[in-house]
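Two complexes come next, and they have one chain in common, subunit A, joined by subunit B in the first and subunit C in the second.
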Partner chain A sequence: MGWLPRHGRVLLRFWSTALASQTEYLFNFSVELLAMAGNLAGSWFVLSLFFRHGQQLGGWRWEEALVVLGAYTLLDGVATTLLRPNLNAIVTLVQNGSLDFVLLKPIDSQFWLSTRLIAPVGLPQIALGAGLMLWAAARAGAAPSPLALASTTVLLLAASVSLYSLWFLVAATSIWFTKIWNATEVLRNVLVAGRYPISAYPSGVRSLLTLVLPVAFLTTVPAEALLARAGSHPLPLALLVAAGLFTASRLFWRHALRFYTSASS
Partner chain B sequence: MSRRRLRGPRHGLRLARALLGSQYATMLEYRAEIALWALSGVLPLIMLAVWSQAGVTAADGLDAGQLDRYFVAAFLVRQFTVVWVTYSFEEDQLHGRLSPWLLQPLQPLWRYVAAHVAEQATRLPFVLLFVGVIALVHPAALWLPSPERLLLGVLATWLAFAVNFLLQSVITMGCFWTERASALDRLLFIPYLFLSGISAPLETFPEGVRRLALATPFPYLLHFPARVLAGESVDLLGGFGALLGWAALLLPLVLGLWRLGVRRYGAMGA
Partner chain C sequence: MGTNGDAPMAAGAGSIQVQGLGKTYRVADKLPGLGGTMRHLLRRRLRDVVAVRDVSFSIEAGEMVGFLGPNGAGKTTTLKMLSGLIHPSTGTVRVAGHVPQRRQRSFLQAITLVMGQKQQLIWDLPPLDSLRVNAAVYGLDEADSRRRIGELAEMLELGEALTRPVRKLSLGQRMKAELLAALLHRPEVLFLDEPTLGLDVNAQARVRQFLADYNRRTGATVLLTSHYMGDITALCPRVLLIHGGQLVHDGGLADLTSRLAPCRAVRLDLREPVPADAITPFGTVEQMDGREVRLLIPRERLTEAVAGLLAHFDVLDLEVSDPPIEELIGGLFRQGGRP
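After this line comes the complex of A and B, so read on.
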C-alpha cells in the first residue's frame, strides 16, 4: 500500500463526515451564500469607482482589473472551503489540549490538521471566481490559448499552496500564543490588498506586497497569465515561491511542536 | 426598576467604576490579542495606497492631502468604533453565563458597553504606536486638527460607536430566537464595508448611490466622524442630527426586543 492511496482514502473519509455534519446547518449555508454575493457586488462597485473618471488602474483596463478580482474571489473561496474551517480549529485544539490526540494518531499531524474539515459553502465562490476570470478575460479581448489556460490553472494552484502555507504559518504560532484568532484575521485583512492589481500600489507598498507578503503572486500573476500580459515567464518563480512557503510551513510546524507542552503542563 | 431609581447617581457612579475597572483588568490580559486586532484594521490604509495612485479623485474634488487625511482619520475612527457584542453575547448565552446576570439589578447590556470601553482604552497605546509608524513612513499624511475639530471628532466617534453598538445589538437580540446570530452579524458587515466610506470616500460615489448610502446609518458610522476629524467641510448639524436620530430610533427597538427576548429565554438546556 503506497503513500498516496492511504492519504487519499483518509481524505475521502474526512470530507464525507464533514459534509454530513455540515448539512445540519442549512441556515448558515444560505447566510454564507448571501454574504458571498454581497461581497462580490460591493467589491465590483468599489472597483468601478476607480474607473469613473479614468480608463485604467495601474495600467489595467476595467475588464482586466475584473480578472484580478475574479482571482481574488476564487482564492477567497479556497480559503473558505479549506483554510478557515481547519486552521481556525487549530486554535481550539491547542486551547483545550486536544491537540495531544491528533499528535498520537499514526498520520502526519500537519496533514490531519490541514485537511480534516471542508466547508462546501466556499465551492460556489470558487466557481464564481473562475467564471468571472474567464468572462472578464473574454471581454478584455484576450482569447486564452490552451497553454495560457493551463499555466493560469497551475499558477492558481501554486497561489493556493502559498496561501495555505502563509495561513498555516500564522496558525502554528498558536502553539506559543494560544489565542491567535486575531492573527489569522490580520492575514485575511492584509490579503484584501489582492483585490487590486499590484501595479495599482505605490512602489514601496508594491515591493512589500511582492517580497514580504507575496500578494502579487496570489492574484496579479495568475490574472496576467490569463490575459497573456506577462512579458517574462512568471511560472517558475511562482512555483518557487509556493514551494518555498510550503517548505517553510513544514519546517516551522516541526519546530513549533518541540515547544508544545500540552494543556496541563 | 423603581428600586434602582431610589439609589441615586452615586450608586450609578460606583457601579460604573467597578464595571469599567474589572473589564479593563480583563482586557489588559488580552493585550497581545488586542494589538493584533488593531493591526487587522489596516483596510483604510490599504485603500489609501490604491486611491493615492489612482489619480482619479481630483475629479471628485479631493486632492492628495485630503485623501491622506481622510483615510488616516477613517483608520482612527474605525479603531474606536469596532463592536463585537454579538459574538460575546452569543457565547455567554450558549454557555449559560447570561442566566445569573439576569438576576442582578443591572441591565446586562451595560456589561458589554463597559467591556467595549475598556477594550478601547487597552487599544489606545497601540493605535498611538501605529500613528507613530505612519509618521515615520508617510509624515505628510498626518495633521494637527484644531482643538474644536478634535473635540467634535471625538464626540462624533463616540456617537458613531454608540449607534454601531445599538445597530449590532438589534442583531444580537436575535440570539434569543436563533443560536447563530453571529452569522447575521457577518451580513451586517457587508453594507458597512462598502457604504460607510471605509473603502472609498463617499465623494467618489455616483450621485444616486451616495444618496442611497446617506439614507442608511453606515456613512455616519465612519465617513462623517472621519471628515470632522480630518478638518473637512461638513454639515455638522446634519451629521450629529443623523447620529442622534439613528440612536433614538434604535434604542427603543433594542430595549423592546430585549424585553420580548428575555420572556422567551429559557436558559440553555431548559
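After this line comes the complex of A and C, so read on.
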C-alpha cells in the first residue's frame, strides 16, 4: 500500500474512533459550542469599542478589522478542531508513558501525535470565521478576484501549518520538561494578539509579532490579501515561514526522541 | 506451525543478540522543602544512575525466556532498549536482524511490547475499535485483520467482550484484549512486561496457556518478565536473572534452583519413632516430630542418602522436594547477593 492510501486509511480510523468516543460526551460538545459563540461575541464587542467614534485602528477601518477577526476565528477553529486535542495530549502521553505505544507503531510518530484526535466542535468555528471574513470584506467594499480568494486560502493554510509547527515545537519539549501546560497557554495567549490588525500595535510589539512569533502571518497577512491591501506579494514569504517552521518541528522531534526516557513502570 | 496458511517464520528471524548493553540515566537530586527547591533551581546537582550494566546474552528464534529480577533491577529498562524505545548508553543490540533504536518500519512490524501496567486500548470504546486502528496502522487489509481478530479472540476466549466498551471489561478481559491488540500484526518477537499483573489465578492460567499456544503455533520468540513465578515455571525453560543492573544468571530454571538451593528437602514418614542422632549421618535434621522427620540433604549425596534411609529405617512414605523458587529468589534479593 502506498503512503497516501495507507495514511488516508489510518486517518479515517483515527477520526472515526475519535468521533465515536466523543458521542459519549454530547453535553460537553454543546457547552464548548456555547463557549465558542461567547468568545466571538466578546471579541466583536472589544473591537467595536475601538471604533465607537469612527476612528481607525492602525490604518484599518471597522469592516476591515473584522476581516482580521474572521481570520483569527477561523484559525482558532483549526486549533480547536485539531491542534488543541492532539498537541496538548502529548504532555499527558509523555507523563503517563503511553507515548511508548505510539513509538512502537510502524508509522511516523509525529503524524500519529498530530492527527490522532479530532474535535468537531471547532468545525462550525472555521465556517463562521470564513463567513465573517467574506462578509466583512464585502462590507468593506472589496470585491476579491478568484486569484485573491485562492491566495487568501493558501495563506490561511500556510498560517495553519505555521501555528501547528510552533505549537508542536513547544509540546515536544515535554520530552524534557514534563510540565509544559503553561508554555502552550503562553503561546495561545500570544496568538490572541492576532485578533487585531498587526499595525494597531506599537512598533516594538509589531516587530516581535512579525519577526519572532509570526503572528502577523497568521491573521493580518491573509486579511490583507483578501482586501487587496497587500503592497508586496506576501505569498512566497508566508510559504517560506510555514515550510521553515514545519521542517524545524520535524527535526526537533527527531532530536527530542533521542532523549526520551519513557515514564517508569 | 503457521495458522490458516500463514507460513512459520524464517529460521533466525526472531533472534536477539545483546552485547555489553548498558544504560545510565542522569538524574537531578533535590532536597525537600523550599530551600531545597531554590538550591535545585540555582545549582542543579546531577548524578549518574546506572540502570543496566554490561549485559550480554543471545536468544534463538522461537525461544521462550523468563526475565527475572526485583523491582528496579533493570528489567523494564532492558526491555525498552530491546524494543527501541530508549537508546542504550553502551553496547550493541540486534533484534530480528535490526538495530532497535533506529526504529525502522520493518523492525516495528516484527516486534511487540506488552506492558501489564499500561494500556493502549481506547477507554471509552469497545476493543474492536482500537483493533481496527491498529490494523490500519500495520497496513493489514480488512479481510486479513478480521480473520486474525477472530482467530486470536477464539484462542483468548474473548467472545463478546470485543464489542463492549473497554471501561466495562474485567481486568482479565482487558488484559486479553491488550494481548490481542499487541499481537494482531503477528510479531516475530514478543516482549512481555508483567502480562499477568493483577489477574486472578484462573485468568493468569488462561493467559499462560494462550502464550504457550501462540509460541507453538507461530514460532515467535518471547522474552517475559513477571513477578509470578508460576508464569516463568510454566512457560520458560530458560531464565535470565538480573540484579542491580547486571546479569547474574543465564540458563535453565533447574540450574538456577540448584545454584540457589544446594540442598533438597526430604520428608520421611516412619513406622516407629527413632532417635535424632540415628538420622543425622544422612543429612541436616530440620524438624523432628515423632514419626515425621524433615531433613536437608546436599544434592550430590541425595541418591546415596535416600537409599541409606530406606535400608536403615522402616519408611512408610518419603517425599523429595525443592524449596519453592519464589522463596529462593526472594531470599537472594533480600540478601542483595549473587547466587
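The working rule: the second predicted complex is superposed on the first by the 263 of 265 C-alpha atoms of A that agree within 3 Å, B and C clash if a C-alpha of one lies under 4 Å from a C-alpha of the other, contacts with A are read in each partner's own complex, and residues count from 1 in each chain.
Here is the rule we use: a residue touches a chain if its C-beta (ideal position, glycine included) is under 8 Å from a C-beta of that chain, and two chains touch if they have at least 3 such contacts.
Everything numeric here is computed off the predicted structure, so don't read it as measured data.
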item	value
Subunit B versus subunit C as contact partner of A:Pro146, first or second or both or neither	neither
Subunit C versus subunit B, contacts on subunit A by residue	B
Partner chain in contact with A:Arg6 - subunit B first, subunit C second, else both or neither	second
Subunit B versus subunit C as contact partner of A:Asn39, first or second or both or neither	first
First, second, both or neither for A:Leu104, with subunit B first and subunit C second	second
First, second, both or neither for A:Pro236, with subunit B first and subunit C second	neither
Sites on subunit C touched by subunit A in the complex	25, 76, 80, 83-87, 103, 105-106, 108-109, 111-113, 115, 117-120, 122-125, 129-130, 132-139, 193-194
Contacting residues of subunit A [partner subunit B, same complex]	25, 27-28, 31-32, 34-35, 38-39, 42-43, 45-46, 49-54, 57-58, 177, 179-183, 185-186, 188-190, 192-193, 196, 200-202, 204-205
Footprint of subunit C on subunit A - complex, ascending	1, 6, 9-10, 12-14, 17, 20-21, 24, 96-98, 100-101, 103-107, 112, 258, 260-262, 264-265
Residues on subunit B engaged by subunit A in the complex (per definition of touch)	30, 32-34, 36-37, 39-43, 46, 49-50, 52-56, 59-60, 137, 178, 180, 183-184, 186-187, 190-191, 193-194, 199-200, 204-206, 209
